[in-house]
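Take a look at the structures below.
Two complexes follow with subunit A in common, the first pairing it with subunit B and the second with subunit C.
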Partner chain A sequence: MKRIVFLVMGIVITLAFLMMSYSQNANIFELLYFSQGFNDQLYNLSCYPMVAVIIVSLAWGGALVYYYGINSVKFDRWYHWLGVLAVVTCVAPVLCYMLISVLLKDNGLDYGGEAAQFVMQLFAMTAVLYVVASYSVRWWSSNCRHTPFPQ
Partner chain B sequence: MAVLACLCACHRGGALEDAIKKAMVQRDTTAQRFDSICGIIKANPDQYSAYVTQDGEINYQALAELVEEVGASLRPAMHWNVMAYGGSSFSLTVYFERSGSMVPYDDAGGHGQLKKAVNDLINYFPAGDKAKINIVNDDIYPYKGTVDSFLQDRNIYASTEGVGNATYTDFQKIFNKILEAQTPGNVSVLVSDLIYSPADTKDVSIDKILNEENSLATNMFKRYKGKSIIVHKLTGDYNGKYYPYNNNAVDYNGMRPFYLLIIADTKVMDAMAQSKDYQQFMDVQGSCGTYRFNQGESSVDWNVVPDWKDNAGRWRVSRGDRCELTGAEADATTGVLKFAVAANLGALRCPEAVLCNDANYTVESLSGFKVEIAPIQPDMLTANNKSYLDGKTHIITFTGDYKGPRDNIKLSLRNDFPEWIEQSTCKDDTNVMAPTFSSTTLGLSSFLGGIQQAFGAGNNYFTMEIAIK
Partner chain C sequence: MRLFIFAIGGTGSRVLKSMLMLSAAGVRPLDENGKPVPNVELVPIIIDPHKGNEDLKRTEQLLTAYRMIRSKLYGNRTDVDGFFANRIVTLREIMRDSSIQLNDTFIFNLSAVERNKFREFIGYDTMNEANQALSSLLFSNEQLENKMNIGFVGSPNIGSVALNEIKDSDEFKAFANVFNAGDRIFFISSIFGGTGAAGFPIMVKNIRQAANLDINNRDVLRKAPIGGLTVLPYFNLELGDDHRIDKADFIVKTQSALYYYKETLTGANDSNLNTIFYLGDQVVSVPYMYDPGEHGQRNRAHMVELVGAMAPLKFAGLPTSQLSDENGYPLPSSAYEYALDRDTLDVDFKALGSETRALIYDKLVKFHLLFIHLNTGFKDTIGQGYTLDKPLIKTDFLASQFYRTLSVEFMNGYKDWLSEMYNNMRSVQLFNVGEWDMNKAIHDVNTSKSFFGRKSVDNGVFKSVMNHLSQNSTYGPEEVELKFMDLFNRAAQKIIDERYENIN
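For the complex of A and B:
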């Protein structure tokens, strides 16, 4: 029962995150960093939902890969789990930065500095979502379900 | 992953909304782009049944509402008048005065400025080929020919000779008929010298005639609500008999003013003024004085410009029906809060000198905000502020010693009677050799002043409110 509750909670939190990426007035990506012109353009170009999908995909994908792809006793220590978190947390913001840069450039916009500052918050968001995804899916892993915290 | 895929597929956009949004974000609001959007609907009529009529045609009204909704969700909010592409765009009716004193404007030896001005109006009106043309003097008479024959007619007064009674102009009857005949979306244009020449004025003093004209204008126009009138003064060659108020005809060869009065519902006028499709129609070539009479205030498209060189301090524009700058803080060094607003003041059809004169604006605020108004020049546009300045004509810079915690700025452009109307007015037109004769019209200010009084003198052109928190 506990496993299902964690899984459902994880999905709810993730869906809430995705929904908040669509919001016009209380967008989750405008809570930690905001620069009017830059954020307006990200909103108009529908970057927020794309960024949210990248983060969610990598966070949940990373967790699934760790618990069901790797799923080995050789890699069931907390620092192995942390290693995957580090990779996911680095890759997601970089991908988002590249996406944003391309979209802004295609529209003739120059917000290089703002884009770099914007993706800083994505490190924290990706890490949090990776933890959420880990707690949602780890219960059915045969070798790593005790990582990073014992059941 | 399935959840994500569903979310992506079902997100509120859909192909149609995405296409509209993309067109607006890219500032590609052209007829070709609109056709491609219609193509999406026509390719999937079942999916987009809300935007298709029972006859299988595009439902322009429903589509216009969707476009408005998508535009309102953008930052800054955008407008795209797609109704102009539909069959229900505005219609034009031209009323061409044919009194005795109008005939010399179209003299064969002159430059034909009057006919050129009317032809331009018809040519630049999007549905100009379907325009209705009427001849006006003691009454309104339909023009017998077609729009093409009117445009090509080299001597319009000769071909309309004998239509009506050209010895006097019954303004009361004409304006009442024009205003009564206006259907929704109709734009009427009266081409006239605006000389009040009623019948039986023998031995009547000029002051009495002008007062009568003033009262008549007020009485006529106050009965029709929600109307807007733009008057343009133009000048043209005049060669022939001129009939002063005492009816002693004199020969005159020189320049004379004539006027175009564009009459429409205020909403129609606002829509035309903000639409690129009607820009040439509204920008009358050769106009040397213009004024818009408004009942109520016009809606002006405006937005705060975040990427502006002169901005000082910090704030965040909150979205909603009302413009609010939240988290506002004055500049730490100077203590000044300064922000720019881009507005489409061109839609008001006011002379540039009026729009750019700070003294014509009333600013109310607790922090003593002041404004500076400047026209937007091409070199002001940067990649980052382009989307905020697109479709706007002026930058209004607000500067104030904002100390918080909140303020409410109310900016109004006063609708003062323009000086050029007084300067274009004379009370005696018997001396054609007078230096002002070529640029003045008998009793012009009495007539236009009457309209101003009818429309509520003292109104503002527009009011802009910005809350600061």
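For the complex of A and C:
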């Protein structure tokens, strides 16, 4: 039962994150960093949902790969899990930065400094979502269900 | 059903030790359909006046360890599968009559015999001249002077007199009181020594003549199914100056005893003994140190003892129709012998017959893998994987009495047993002794082939399979020991089936 509760909670938190990335008034990407003009352009170019999908995909994908793809007794320690977290939290912002840069450039805009500052917050968001995803899916993993903390 | 196993003399203790190892591995008595016989309790009773016998002491220590381990795993339950499956109890544990005071031990108390010289025991000095002359005719001076706390020194004529006292002992009365209809009796003894050769027929006689004794259950005892393992000469002795025990006498003694058995126990129409297992080996062992008893008598384990250990289990599985007639009276003797599949000096699993392999291969391999795992991988597993499932296996488990008894006391006994059999003649090479690599542990059995070469077996594989099995298993909060042993047993079976060549 506990497992299902965690899975449902994880899905709810993730859906809330996705929905908040669409929101005009309380967009999650504008709560931690806001720069007039830059954020308007991101919103107008529908960058937020794409960024959110990338983060969610990598966080959940990383967790699924760790718990069910790797799922090995050779990689069942907390630092292995942390290693995947590190990879995911690095890759997601980099991909988002590349996406934003391409979109802005295609529209003849140049917000290089703002874009870099913007993606800094994505590190934390990706890490949090990876933790959420981990706690949602780890229960059924045969070898890594107790990683990073015992059930 | 209770199977009372009287292990008489040094050979009795050594065969019992092998039976203990098989039981620890999970070998159970099987019925004619190959199903485990339900509700079996084994009640070993060691009869040996030579308390200082190292083989007896080692066996008793292992029996005590076995009992402790099993009690932690299964309590009083009988029908269980897995390691330490057979419930082994002392007479005291199953006694109902509290008027009899017994020690909680597997050893028959023969203090009346042990403390005397034989001449004192028979009251030689108080005999009249004629009886003294007769006694001197029947017993040599050495035998009369023999202090019986070192046994009967290969002299069944002493043993047959001294052990006749058994029927008056508290242990025999206790045994008679707890013996019920449906229970069985089995004797393990050698035929070429003193204690076993004498004790076996005397005990059978006393049980069959129970009507004359002042005990309960006379009728049940009289009709009891009785089996026996008679071990023929199989070991060799170093030459010494002392000739109280002479290997040259082994065959003569055996012939004499066999004739006597034929007259009293195993004749064609004789139903004193229902089943007899004859076992011996013409290939003589590595010579054992000559020791009539003074130095403790510590002999190497031997293949004959391993094979002999299967006899009581076989007997327990025989259908009642082969042992008793429709009125419950015992049927005449039937005899069993044993042969290897290949007559070789290096006996591995493939040299054993298919029936034996089917009985012991999986079980012993699982136990051997447990032995390796406990020595090489288990400690590192704690705090990971299945050990974190409830009930938790924490580091304090390593300090528990259960773990220490299993991993140190019992497994050291197992290692000695394997090494001794390996270094004996015939050499029992079931496993590559001293090999810690699970891939190479079973002699002449490889891991099975896969697309990328051979499959691998190591502690990581065990951990992974146990993790998987643990997900769908439930154990009570007090079943930490059972959790570990049960998961390992099931994981080992899966690994044997999937990762080793099938030789059955």
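Here, the second predicted complex is superposed on the first by the 151 of 151 C-alpha atoms of A that agree within 3 Å, B and C clash if a C-alpha of one lies under 4 Å from a C-alpha of the other, contacts with A are read in each partner's own complex, and residues count from 1 in each chain.
Throughout what follows, a residue touches a chain if its C-beta (ideal position, glycine included) is under 8 Å from a C-beta of that chain, and two chains touch if they have at least 3 such contacts.
What you are looking at is a predicted structure, and each value in this text was computed from that prediction instead of being measured.
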item	value
First (subunit B), second (subunit C), both or neither touched by A:Ser72	second
Subunit B versus subunit C as contact partner of A:Ser142, first or second or both or neither	second
Partner chain in contact with A:Asn27 - subunit B first, subunit C second, else both or neither	neither
Touched partner set for A:Gln121, first subunit B, second subunit C, both or neither	neither
Touching partner for A:Gly108 - first (subunit B), second (subunit C), both, neither	first
Greater subunit A contact set [subunit C / subunit B]	B
Touching partner for A:Pro150 - first (subunit B), second (subunit C), both, neither	second
Contact residues common to both interfaces of subunit A (with subunit B and with subunit C)	none
Residues of subunit B defined as touching subunit A within the complex	1, 3-4, 7-8, 11-13, 21, 25-26, 73-76, 304, 306-307, 316-320, 383-388
Complex contacts: residues of subunit A adjacent to subunit C	72-74, 76-77, 140, 142-143, 145-146, 150-151
Subunit C residues touching subunit A - in the complex, by the definition given at the top	384-385, 388-389, 460, 463-464, 467-468, 471
Contacting residues of subunit A [partner subunit B, same complex]	11, 14-15, 18, 22, 24-25, 34-37, 40-41, 43-46, 49, 53, 56-57, 60, 107-111
